[in-house]
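Shared between the two complexes below is subunit A, which pairs with subunit B and subunit C, respectively.
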Partner chain A sequence: MSHEPILTARHVTKQFPAANGRLLTACDDVNLTVCQGRTLGIVGESGCGKSTFVKMLVGLLAPTEGEILFHGDDITKLKGEALRQNRRKIQMVFQDAWAAFNPKMRVVDIVTEPLLNFGLIRRSERAAKAQELLEMVHLPKEYIDRYPHSMSGGQRQRVGIARALALEPEIIVCDEATCALDVSVQDRIVELLVELQQKKGISFVFICHDVALVQSLSHQMAVMYLGNVVEVLPGHLVGTEALHPYTQALIGAIFSTRMDFTKKIESIESEAPSPLDVPAGCPFQNRCGHCMERCRREKPKLVEIEQHHEVACHLFSR
Partner chain B sequence: MKKKHVLFVSFLCLALLIVLAAVLAPYLVPYDPFAASLTDALKPPSAEHLFGTDKLGRDLFSRVIYGSRASLASALALVACIFALGSVVGIAAGYFGGWIDAVLMRLADMMISFPGMVLAIAVAGILGASMTNAVIAVALVSWTKYARLSRSLVLKIKGCEYLAAARLTGSRTGHIMWRYLFPNAVPTLVITAATDIGSMMLELAGLSFLGFGAQAPMAEWGLMLSEGRSYMQKAPWMMVFPGLAIFCVVVVFNLLGDSLRDVLDPREEE
Partner chain C sequence: MELLEIRDLSVGYGKHPRPAVAHVSLQVRQGEVVSIVGESGSGKTTVIRAVMGLLPSGGRVTGGEILFEGSSLLGRTKEELRALRGSRISMIFQDSGAMINPIRRIGDQYVEYIRTHEKLSKKDAFARGVEMLERMRLPDGKNIMNSYPFQLSGGMRQRVGIAMAMTFEPRLLLADEPTSALDVTTQAQIVRQIMELRERWNTSVIIVTHNIGVAAYMADELLVMQHGKVVERGTREDVIQHPADDYTRRLLAAVPQMGGKRYVS
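Our next item is the complex of A and B:
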């Protein structure tokens, strides 16, 4: 199977107006690519701009600058019916499975609504189609008549995935889709996503702040810090090849039952600066152990170190 | 059955009793409410005339029963009007925002800045005195409450993730309004409407009392109060019984609205 790029973000910047005429930069010149049938993981702390970025990918927000190419067409300029038609191809699973469903709708209405919206099925076919979708996410068929609020968190998230699958999209964006769930439930949801990817060749964009989870699942993993992508590398190399000091700090902070408890758990000093006053130079400078004079002056660019491995750090730029 | 359900059902029964009295009025009354008989004028309550008679000798009991027709029908029509108008305006303003919101809400602010009754009197005065015009007048000054309420409900719903999900799955605007905004806003609006029936009835009775609503010889409680006013000392029953009728009906509908709120309030469940 070829893994061609299908969705490419080019120089995407998003700024929000804040109080006193200042600008909050949520995403700063982000360049990322989603390949067909592959998973792009995005990790980073809360507030690093990962949710803003995927909201732009799915067309819920418009970027301030830059373009997002889907099969070569810029989808940020789409409006009205063209935008609506484009939504068929890119779907999303939401973070909060409590808030992601209309409390007045039953599961059968929730999962078939996308199909009815595009006139792909008739109203009489709803129940059958809903059962089929529930089967895909391993939920009992009888659940079609339930309301989301009478289901558990894991079950609701499966309904969310079923809804995203309904339109048979090319890309599904999971915005921290598992982080509100128990670890055991989380694992099963991730297994489900991997299974669906293998069966249907769907591409995933998977956002999470759990580095261990993302690296195990992603073909490519992007690390974001303060609106910037600081490192992109293949998921299976994260443990061994990660170069950026921030990525290494994140890996150092992974908890595991198999970890060596005699070693000190490394945590990153201090807080990330506010995205309202991003310092000149490298965004990570005030927390970085390797900070040099150059880092305070000049912002490092994302440079390709090896194939599929890019880092934005002066330590590694030649 | 929980206590709040018992309460709701009992008030619902009382309200239905009132509605039934209005519907079955012709079969309940002992006399023609419009037949004047001057020899029987201003008779106090007795076995023959339960509530006494008025200045034209009409049976007050019959008139009070018939009065429920005018009051109920107009109050219900009024609440239905402002409910529909107000929630459509409010949902549109809340969902679209921008200049549509600004225009609609400034209009509502203008309406609110006048004392309701004074504006209603002005409108009823311009349109001419009749029950229909009284309903229109009160509707024009009361829709704002529903508009503001539904707008704030919509703004709350708009922030929810499920609305983003709805847009993402390709829902059209009309569909979002009908399937998402309306059903989630409607319980609160219905509760408000139920508690409003009583106060709307009072407003209409007030307009009739002032001469801007129902016109003689119609049997309407506000109008009957007004007719009884000049005989207050000679024949107090002319005011007491229509007044009591208004009181009872307003209390029943207010309590019905309150108990409905308790029943529908999701926070108290479990």
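Our next item is the complex of A and C:
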């Protein structure tokens, strides 16, 4: 199977107006690619811009600058019916399935609403289609008559995935889709996503703050910090090859059941600066143990270290 | 003597036939950290809420005994419990910002809290608050006292919560998912801070969390709960390396690990 790039973000920047005429830069010159049938993981802490970025991918926000190419066409320029039709191709699963559904709608209405919106089925076909969708996410057919409140968190998230699958999208964006779930439930949901990917060739964009989880399910993983992509590398190499000091810090902050329990935790002190005052130079400078004079002056560019591995850090620029 | 002893505790909610906590026993010695892990609905939070005398309405202890410093906590009056809470036993929550009134300054609430337990002037209580905040590595305590909760980050609010909880140097600190709402790097800072409390004051800690890594790192003794029962207990090495219970094994297998299970090739 070939893994052609199908969605490419080029120089995507998003700024929001803030108080006193200032600008908040949520995403700063982000370049990322989603390949057919693969998973792009994005990891980063709150406020790093990962959610803003995927909202631009699904067309919920428009970038301030840059373009997002889907099969070669810039989707940020789409308007009206073309924009609406494009939404069929890129669907989203949210963190809180409880908030993402209308509590007064039954499962049958939730999962078939997108199909009715696009006129793809008749109302009389709803029940059969909903049962088919539930089967894909391994929920019992009888659940079509349930309301969101009478299901567990994991079951609700399966309904969210079923709704995203309804329009047979090419890309599904999961925004912290498993973070509210218990680990055993999370494990089964991720297995479901991988199964769907293998069966249908769907591409996933999966964002989460848990680097251990993201690396385990990503073909390619991007690390974001203060609106910048600081490292991109294949998921299976994260444990051994990650270079950027921030990626290292994220890995160092994991509490693993396999860790040496006697060791002191090496966590970086302080907190990320506000995205309203991103320092000139490297965004990570004030928390980095390797900060040099050059880092305060000049912002490092994302450069390719090896094939499929890019880092934005002066330590590794040649 | 144990600082806290829970014997055969059962807790039920309303008329629900199945108890939320069934026959749970545990002991905490001075300076010891006990971690309780489990998934949602396992009853882990109910256990520490019962110790605090803070079960939600409809919840009641249906059996067993809770002894603190040798005497029972269950028969005490509201006033006796209130005097104990916040001074001998205190608690920190998942989001310490949510327990603070959002429209009052941190300082106002902190001063009020200190003055409910000790006869101090407002000025002295304020100074005491500033001192505690700075001990918890919050720079410029005075500024924080004058801030509203929303002006602080989640990590800072959690530090404020810990500072408040530690004001009267409690013997026992109950921590309910204290790092679950935080980013990973902040989580590491807060875990380290809680461990320092033991070094400095020999505080005993019961931490309840769904993060097995955090629980194991902190624990002298680790308990795994499921459906209101303790299914496994032991030192962290015993539980993590030689889990006897099937549920513990499944739980451990589901935790994402660097270099562990891969979902994609």
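Quick note on the criterion: the second predicted complex is superposed on the first by the 318 of 318 C-alpha atoms of A that agree within 3 Å, B and C clash if a C-alpha of one lies under 4 Å from a C-alpha of the other, contacts with A are read in each partner's own complex, and residues count from 1 in each chain.
Note that a residue touches a chain if its C-beta (ideal position, glycine included) is under 8 Å from a C-beta of that chain, and two chains touch if they have at least 3 such contacts.
Everything numeric here is computed off the predicted structure, so don't read it as measured data.
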Overlay on subunit A: subunit C relative to subunit B, clash or fit: fit
Which of subunit B and subunit C A:184 touches, first, second, both or neither: second
Touched subunit A residues, subunit B compared with subunit C: C
Touched partner set for A:18, first subunit B, second subunit C, both or neither: neither
First, second, both or neither for A:82, with subunit B first and subunit C second: neither
Which superposed partner A:94 touches (first subunit B, second subunit C, both, neither): first
First, second, both or neither for A:217, with subunit B first and subunit C second: second
Partner chain in contact with A:276 - subunit B first, subunit C second, else both or neither: neither
Which of subunit B and subunit C A:128 touches, first, second, both or neither: neither
Touched partner set for A:62, first subunit B, second subunit C, both or neither: neither
Once both complexes are placed on the shared chain, angle at subunit A toward subunit B and subunit C, C-alpha, multiple of 10 degrees: 80
Shortest span in Å between Cα atoms of subunit B and of subunit C, once chain A is used as the common reference: 11
Complex contacts: residues of subunit C adjacent to subunit A: 39-40, 153-156, 183-189, 191-192, 210-214, 216-217, 236-237, 240, 250-265
Subunit A residues touching subunit B - in the complex, by the definition given at the top: 58-60, 84-85, 87-88, 91-92, 94-96, 99-105, 113-114, 117-118, 163, 166-167
Subunit A to subunit C touching residues, read off their complex: 39, 45-46, 153, 182-187, 190-191, 194, 197, 209-213, 215-219, 235-236, 238-240, 249-259, 261, 264-269, 271
Complex interface listing, subunit B residues touching subunit A: 160-162, 164-172, 175, 179-180, 183-184
